[in-house]
Amino acid sequence: MSKSAGCCQKCVEYLFYYETPKTLVIPNIGVGCVFRFTQLLVVITLLSVTTKVKGFAFTNTSDMDPRFWDVADYVIPPQGDRSFFVLTNMVVTPKQSQSRCPEFPSQSTTCVDDCDCIEGHSDPRGSGIQTGLCVNYSSTVQTCEVLSWCPLEIDTMLPEHALLATAENFTVLIKNSVTYPKFNFHGRNILPHINSSYLKRCEFNRATDPDCPIFRLKHIVSEAGEDFQDMAVKGGILGIIIDWSCDLDWWAGKCYPKYSFRRLDNKNPVNNVAPGYNFRFAKYYKTADGEETRTLIKAYGIRFDVIVFGTAGKFGIVPTIVNLGAALSFLSLVPVVTDWFMLTCMRKRDLYNKQKVSSLSEDSESMSMGTTYGTQ
Amino acid sequence: MSKSAGCCQKCVEYLFYYETPKTLVIPNIGVGCVFRFTQLLVVITLLSVTTKVKGFAFTNTSDMDPRFWDVADYVIPPQGDRSFFVLTNMVVTPKQSQSRCPEFPSQSTTCVDDCDCIEGHSDPRGSGIQTGLCVNYSSTVQTCEVLSWCPLEIDTMLPEHALLATAENFTVLIKNSVTYPKFNFHGRNILPHINSSYLKRCEFNRATDPDCPIFRLKHIVSEAGEDFQDMAVKGGILGIIIDWSCDLDWWAGKCYPKYSFRRLDNKNPVNNVAPGYNFRFAKYYKTADGEETRTLIKAYGIRFDVIVFGTAGKFGIVPTIVNLGAALSFLSLVPVVTDWFMLTCMRKRDLYNKQKVSSLSEDSESMSMGTTYGTQ
Amino acid sequence: MSKSAGCCQKCVEYLFYYETPKTLVIPNIGVGCVFRFTQLLVVITLLSVTTKVKGFAFTNTSDMDPRFWDVADYVIPPQGDRSFFVLTNMVVTPKQSQSRCPEFPSQSTTCVDDCDCIEGHSDPRGSGIQTGLCVNYSSTVQTCEVLSWCPLEIDTMLPEHALLATAENFTVLIKNSVTYPKFNFHGRNILPHINSSYLKRCEFNRATDPDCPIFRLKHIVSEAGEDFQDMAVKGGILGIIIDWSCDLDWWAGKCYPKYSFRRLDNKNPVNNVAPGYNFRFAKYYKTADGEETRTLIKAYGIRFDVIVFGTAGKFGIVPTIVNLGAALSFLSLVPVVTDWFMLTCMRKRDLYNKQKVSSLSEDSESMSMGTTYGTQ
């Protein structure tokens, strides 16, 4: 009675602990976790980013008239959105109008007489729709005439040194707000301890002014490991990354943004079609007699993309439970592993095995056991 | 001593396994998981997308002068962003100026004399601010005069066949870079094994050229299950989805993007206000005498949105532990379930039940058990 | 034999339950969960948003000619994207041309003679590049002449009452589609039970018309707790949040979007550089003799950002398993905790402890136990 009964009682007691929670705990925590856990990971974040570029430039090259450039001229689009483009180099084709002109000479466009040109034909690699005429391109070469915006753009004449090289001294003010409605947190990259007079003269510098939201373009590019003048010729895309990942718990410190910079496009010249970043746009004019003309600009420059990351988190009790639970479940693995170790690797494995094997012929035994207990 | 003691020892041993990890493992894994697990799911991804449309068109309809169209004319906005619009149809109202003209006739705008028109009144469904005069709209109808950009736009005269129907043959080059700083992975949709000469002539085709980043607009639209010419009339929004979901483990293969296409707006004509996609913009001119005029364009077309997904993952050891742990915890459920089964469903359930019930009157027993052990 | 053997058999049986799942369950669920669980949380969502503003305004102030404004004039960019700007106030500088003019007087720009001005010098806070001449700014003040777009913009003369104050009555139609390809769910903010005639006259109102997708700008701003006329003077950024968080299970109800509104920029005048929201853009003209002129507009207004959230979820079986598993694993903690409680806090802890301590000298015992069993 005494020892073995006490032991068995212990076993029974042991079993009993498992039984109670089975019906009580599972429905509550299990179902609840599915919803609350998912909610916590997908935190709603409200962002606003505005950018404002400052600076002007003056160009005086042989290709173009002397010209003064300000923000309205070189920032495209002008809205000061989280992605803005600063024009640094360009091919300008002024005074284009809807008319006819000879194609550039190439294997498929040179011609001897009109029979070589098909009226209405448009070569995808050409510049317009063929009129069917073969005309003089120069004194020595004849090419098919096309209907197009003439004169045609000669985009191989891109200046080797960026026209707006002085754009490297432009500055950009980035205003960024972050709101986590769930945590009732609102943050700005203009920190509370910064006053307006400081903001008028400061400039971001990782060492001396890490909190100033005004960035010199040259500095941004060099922090990304690039050279502004190199990048300005053919253009490129530069990411300004603002990282708001913070722990919002009361015991954690203040939540400050961290800036980093990285070139996003591929600058590797190997296997790089159309390297850099450029696009064409036109300014449309009307002459006194109502004819539409345009200035076509193939714009090369640097697109700055402000990318805001926020993974603010509080020490949520639910994910803690889930993770803690998962960790604890390994404890239940311990006896399994130990048994396996005991039964396969230990010196006395035969004895243990025997014990296990013998217990499988339990039918009569457990019956008698049951009876025995019953008569206690 | 022998058998029962051995058995109890087994029990004790069993209990002992649980005890050790309790204090050692929980604080380490549990707390660590909360942070590392969350981090792993919210992987920072840096994207860059540029698009470049190529192609030109020629329109020659009764409504408009013959006109040649190139990229600078039909791509809006011109920047080659991840969302670009290709103009396919339009209602053009040229030579508008700030002046006065009769309203379109409707129940609320027709009038008999000036008393029917209220100076300064602006009907939200009208076209301008009423001047208070009742003027001839045609030889038979009189309507209130309005101050507006005149002549008014007649937007019911949308061409039934898209003006720029040939836009279906335009191509777009999409350059997309993806960077996962955490995994030190950088990918491009221009794959390393592709050379420049191939890129100059290739065109995306799921079967023959699945890696070519140049897409014919007609092909994109038809892959999305739509007809280009249908969509071109009223406009629409088409998603170009680039999926970078990859396993970045060393044992996994290369990480290549997969393209798919899907119409994003609702084309269902039932219950569809303002179907399709259109917007109004204007080109502003100044006449020789300084008066401002504009050409108003109601632009219909297809907006292409490049959507990049990246769920790259490595076989992280932490989420594996968490998930494995959760799975394993089910093992701890096994005895509970088995016991329940044993006690309720099995033939011998009465015996088992008896055993359990008897153990509930443990107070004196466990006491004596304790004593017995104590005197050992 | 009877009691103790039965008890031990129970123990063995108990152990045996653990062993079977070890090899069967772990590889299947564990590895599978890592992938399937991650997939489920990062659900691909395809969105499309288009916006269409309606309304017109008339301005007649002393600063400007009387002017009529429609959508093409005041919505920038015009594309009807998810972020659109409504012009409400402005500083217009017409007839600028590339020429020379005296700087605004300030400490650094006033001069006595040409020696005070350095040719080619460009002060970042100035308006252009100095020509080296000192010229009359007014009858009393002389300043350095600069090469710039002249006349210079005087941006301190911002109207105190927003020019386009009537913009508060403009309405915007927001069309939003959401697709979860994984769940084969497609939703629109124009709900199926809404008919076209209702949509032509309805206007969003949280109480009476919560499903109407047409919003009066004034209403949006006031729902965000702001005053339109206040905000219109200096500009700002307003978020229109559409929340599609739904449970997509069959037993859950329909999935409807919920609208909310929130100002995203910082309106706090304290510590606020360049408050509000403004940007500069220009319209370019050419005079009859080919000279380029422009109208520079410093545009103040409200940028509306449509932000769509979607955290649709189905009662996924895999996360349920993971979470349930984690919850259940706490059950395995129960005996550990109970034992600890039993051994440290209970009255009879000495007895229990003794039992534990005695079992540690198990070497010979378990050996004999093994033998005993072996000879059964």
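Letters A, B and C mark the chains as written, and numbering starts fresh at 1 in each.
Basically, contacts are C-beta pairs under 8 Å (C-beta built on N, C-alpha and C of every residue); 3 or more make two chains touch, one makes a residue touch a chain.
Listed by chain with UniProt protein names: A, B, C = P2X purinoceptor.
All figures in this text were calculated on a predicted structure; none of them were measured in a lab.
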Rotation in the CA alignment of chain A (P2X purinoceptor) with chain C (P2X purinoceptor), degrees, nearest 5: 120
Shared interface numbering between chain C (P2X purinoceptor) and chain B (P2X purinoceptor) [over half = same, under half = different]: different
Whole-Å gap between the CA centroids of chain B (P2X purinoceptor) and chain C (P2X purinoceptor): 14
Overlap residues in chain C (P2X purinoceptor), where contacts from two or more other chains coincide: 3-5, 7-8, 11, 14-15, 18, 22, 41, 77, 285, 288, 322-326, 328-329, 331-333, 335-336, 366, 369-370, 373
Footprint of chain B (P2X purinoceptor) on chain C (P2X purinoceptor) - complex, ascending: 3-5, 7-8, 11, 14-15, 17-18, 21-22, 25-26, 29-31, 33-34, 37-39, 41-42, 44, 46-48, 50, 52, 54-56, 58, 66-68, 70-73, 77-81, 169, 171, 173, 175, 177, 179, 181, 188, 190, 192, 194-196, 199-200, 283, 285, 287-288, 293, 321-326, 328-329, 331-333, 335-337, 339-340, 348, 350-352, 354-356, 358-359, 362, 365-366, 368-370, 372-373
Chain C (P2X purinoceptor) partner contacts - residues on chain B (P2X purinoceptor) that touch it in the complex: 2-16, 18-19, 22, 41, 76-77, 83, 85, 98, 122, 124, 127-129, 147-149, 237, 239, 241, 262, 264-266, 271-274, 277, 279-282, 284-286, 288, 294, 296, 303, 305, 307, 309, 311, 313, 315-316, 319-320, 322-336, 338, 366-367, 369-371, 373-374, 376
